[in-house]
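Just below sit the structures, each encoded as structure tokens.
In what follows, chain A forms one complex with chain B and a second complex with chain C.
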Partner chain A sequence: MNPMIDQPHQDQFSAPLAKNASPKMSARNVHVHYGMTHALNDVSLDIYEDEVTALIGPSGCGKSTFLRCFNRMNEMVENAATTGEVRIDDKNIYDSKTDVVALRASVGMVFQRPNPFPKSIYDNVAYGPRLHGTAETNSDLDEIVEASLERAGLWEEVKDRLSDLGTALSDGQQQRLCIARAIAVNPQIILMDEPCSALDPIATGKIEELIEELRSGFTIVIVTHSMQQAARVSQKTVFFNQGSLIEHGPTVEIFTKPKKERTKDYIMGRYG
Partner chain B sequence: MTKPDMAGTTAASSARKHRHLKRRNLTNAALKFAGLSALMLAGAITLLLIGTIFWRAVPAFLQHQVKLDVDFAQAAFESDGAIGSRDTMIYANYGELIGKALEATFVQVADERDKQTLRAIVSPSARAELRDTLLANPEWIGTRQSVWLPVSSRVESFLHSSADGPNTRSLAPQLQQWLAALERSDATRRSFRLPFFKRGDSRRPQGAGILGALSGSVLTLMVTFALSFPIGLASAVYLEEFAPKSRWIDLLEVNINNLAAVPSILFGLLGLAVFINVFHLPRATPLVGGMTLALMTLPTIIIAARAAIAAVPNSLKDAALSLGASPVQAVFHHVVPQAIPGVMTGTILAMAQALGETAPLLMIGMLAFIVDVPGSVTDVATTLPAQIFLWAESPNKAFSQNAAAAITVLLLILFLLNSIAVYLRNRFERPI
Partner chain C sequence: MPSLPKHSLKAYDAELTELRAMISQMGGMAQSLLDEAVGALLSRDAERAMAVIADDKAIDALEVEVERLAVQTIALRAPLADDLREIICALKISSILERIGDYAKNIAKRTTALSADDVFEDVTILSEMARMASGMIETMLDAFVARDAEKASEVRDRDIRIDTLYNTLFRDMLTYMMENPKAITPSTHLLFIAKNIERIGDHTTNAAEMVYYGATGNTLDTDRQKNDSTSFTTSDEIDT
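So, the complex of A and B:
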């Protein structure tokens, strides 16, 4: 066994960029098992507001699994078992009293492949607000839809064809529609699971600009395969390997002077 | 080894390769040919089968008619001094009116026995047709009108066979003369036999129609659909989306798959034992028939619906869940609407199967001679395939022509149902 993998992290959580801030989300000793597979091994981490945290690592390292702990989407997988503590605003979301619906209303998610509903652009964005009854009148709903599309940088492109199918848009537009759909529920946190892996470089660039704009207002956690992307969009970077958190810290430090040999090797492209 | 030797070996190997390639191409061509000829054989047999049925059905769809000048004399519609009341129109002696019209056309016939023969030109069902025509036109009373009336079955088969080939049917020579006279004066025609679609079954082949069986089939299928679609869809949604993984659920799935292969007559036995003997529902009705066929079609629908639900990408459900929808909302807002076209396709095919089913209906008494057209699901009724079986059994050739006509109608309906299923599949199966 590599001693580094099993090393505890309780004593060295990342410090906030802004002083005196308490962590928005924190994980303590989180383990996830899929049946016999130990997918996530004793991960502890603090994530702070107003910054983008990138989770990087080779395929199957547990970064997506870790991401899905924050909105309890792992529970949808058969035989998945999560132990440990995940706190958002100092409330344990794995508490039996936690309402999963309310949790997911405050934690939005954007998936690897754009997955708009096969409905109109308007209905895609309006689905969340309708579900939670946030809009009192139709004009309220119109406002939420417009504001969300505006925030996702899609309004100018689609304002004349809101009744077109969301699935008829280009891949990049579809992904921005999915972001607008997540924003419409007014979450505090947005989880992004490799949001650009199915997109071309231009669409990727637009999404990255969008992430930068959304940083003020949302706590963003992004899983990415591309180290360049992590370097471009994030303030904090977390490196996973084989289900364990290897190293984390300010992005600049991770990419310029990583402390661990494994991190260095991965960043140099020696494996992964 | 010397150089020429090497060249020789290479040449030999290339020749071997060439022979091998040739053999392979030959095998390919032979297999292609075998496949094509099998397809053509199957096509030819199908064409032959359907062609034969259509050819045999033609006489049942068409009928010969003769034009007669019928005198609707007021005296025929008089009772208790009232002329032309509804009752007098219903109970008037139309046979006599037709007989007189025939005698008026052939004034030279004087002998009483010949007059009886003369009346055999027109079908007995002409009386009912004449009555219906008059009820629709009561102002005809007291006037003379030219009406087209169907010929009797003996004349019909004589005319049909003489039109299609050598005259094999015997008909009294006088009748043949009279018919020839009518033909000369353009008083005969062949027209579409509309009553075939407007009547129930009858002892007389010319009076028999398929409306009774068609209504029975429609009512039965309505009951089947009303039961099996919602139950099948709900079962499929539960099994595919909500059922916990357990040995019982696995056992249930295996059983559903096996039920789809159970001989249909067993479902008939089940229907007889449960719906009729235990629940005492009325025998031989579309209600019981529909319930029995619903049992039979359920496994098919559940399997088709599960396949349709499984084909909906998980990403849609994930998206809904991540927005805070409950699992039930995610399934009913996004998965089920996407799966509906596939479920409908499976259901329509199952309905087509149910439409052609006879064996289970045999057990619950729907294979019966029923004259009345059923008006509700609790009236006794028969169905199209049962009607076809009853007619095909008859030694009377006119009945087997009716059977062929009914088969044609059944095939057309099945073709229509399958076309709808194919249309739905192509229309809604878009990539997501």
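So, the complex of A and C:
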């Protein structure tokens, strides 16, 4: 029994929307320092399966830092130090026994700028399965590539030109290619760090539709600067400010009736 | 109520202020239409009643303006939380105020229909009802402008007293009509007028409930106390 986990942290909003009682991911008293900078201050949160959790807040509020705690990406930053507990399926991922490569395969990540490899569309998606040896035969690999592109809503647009360079696609297509690449290794969790900020409204709409489709089957956490996007795609919203988690709850509650003054002022655009 | 900080966008603040001012103006107009209509009735002044009928058009026009500005603000500013609730609240209150204007107009029309020799029995209760309804409109508007939930819930409590007065008046009128058939026409008009005022009280209460929601995000409990029992009254119950 871990006293940290068993502490009654539950308020009415940390309860899941659906039947699944235990959280997919949980953070307890997480602090992140970058050198002398205290980027994340004592954050505790439960995140549930089959729903999209949006992290919002002004630049530098700690939302992206928090996102990167779930695949230990912060470790790639020099001088970064993480304390506290981050659990996925009740396993502490900061345990010394954790296989970071396997962790990052089960936690996919999509970035702000689409970043396909300078390889063919096919090879972009096949990259992960080849690396992890998921596919036994070439036809298995073909299947994975097709299924992943299909799931990312890109198959119809690229099926006749799989050998074209991934970087030759439009920005929106590139981002969906990156999503296909992320889901090709069959992750359980997808982290998205402002996945639409470089896209036009039509490409954004496609990604948002995709997020909704991927919701069942994956646990999705998205960092977004657009409050409207958080409102459109998420079931839970978490507001960060100056490194602290200020408020979290069902998205409808946060956008119609936030409890904390700071949340209210931020989402209404009342910065004085 | 802690006052909210300003928006980064000044034009957005200006729009919300304008919306609030339009509701205040509409409310002031609705209140004065009611006062004027009842004043015309009590003083048997058909000309004053005609003016009420004409003035109601201005409220209708303002309602259209409120709708236009509210839709524009929703479209351009994507309001959230308190701002969103306030705009929705303004939209609903404006249609309630328009309705109150219609009731006042109806009172004025009935006033013009009453001839000078129609005999009225005691109208103290009616004028007291009108005075209370007018006060409720005023308090509801003050509560809206100040986003004051406390004040809004107070309006609701006052509606019960109008309902009680209406019950008394209803019974009185039935009694008069049974005693004197000549009283039937004026008494019927008076009854409808009283009913209009009672409805104004109900609508103002709904508006106050919207104000409460706008200010807090919560709804006042829906099963509010009702005291109008006239729908269930039969002539057997009237002591003559």
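Here is the rule we use: the second predicted complex is superposed on the first by the 255 of 272 C-alpha atoms of A that agree within 3 Å, B and C clash if a C-alpha of one lies under 4 Å from a C-alpha of the other, contacts with A are read in each partner's own complex, and residues count from 1 in each chain.
Simple rule for what comes next: a residue touches a chain if its C-beta (ideal position, glycine included) is under 8 Å from a C-beta of that chain, and two chains touch if they have at least 3 such contacts.
A quick note: this is a predicted structure, and the numbers were derived from the prediction, not measured.
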(message) Just checking: does A:Lys236 make contact with chain B only, chain C only, both, or neither of them? Give me first, second, both or neither.
(response) neither
(request) Report for A:Arg151: first if it touches chain B alone, second if chain C alone, otherwise both or neither. (result) neither
(message) In the overlaid three-chain picture, which partner chain does A:Glu78 touch, first (chain B) or second (chain C), both, or neither?
(response) first
(message) For the three-chain arrangement built by superposition, which of chain B and chain C touches the greater number of chain A residues?
(response) B
(request) Considering only touches as defined above, state whether A:Cys178 meets chain B (first), chain C (second), both or neither. (result) first
(request) May I ask you to decide whether A:Pro118 touches chain B, chain C, both, or neither, giving the answer as first, second, both or neither? (result) first
(request) Have a look at where A:Ile267 lands relative to chain B and chain C in the superposition and call it first, second, both or neither. (result) second
(message) Applying the document's contact rule, which stretches of chain A touch chain C when the two form their complex?
(response) 227-228, 231, 255-258, 261, 264-265, 267-272
(request) Show which residues of chain A lie in contact with chain B when the two form their complex. (result) 71, 73, 76, 78, 101-102, 104-105, 108-109, 111, 113, 115-118, 127-128, 131-132, 167, 178, 181-182, 185
(request) Provide the residue numbers of chain C that touch chain A in the complex, in ascending order. (result) 2, 4-9, 12, 78-85, 217-218
(message) With touch defined as at the start, can you tell me which chain B residues reach chain A in the complex?
(response) 245, 313, 315-326, 329, 333-334, 338, 430, 432
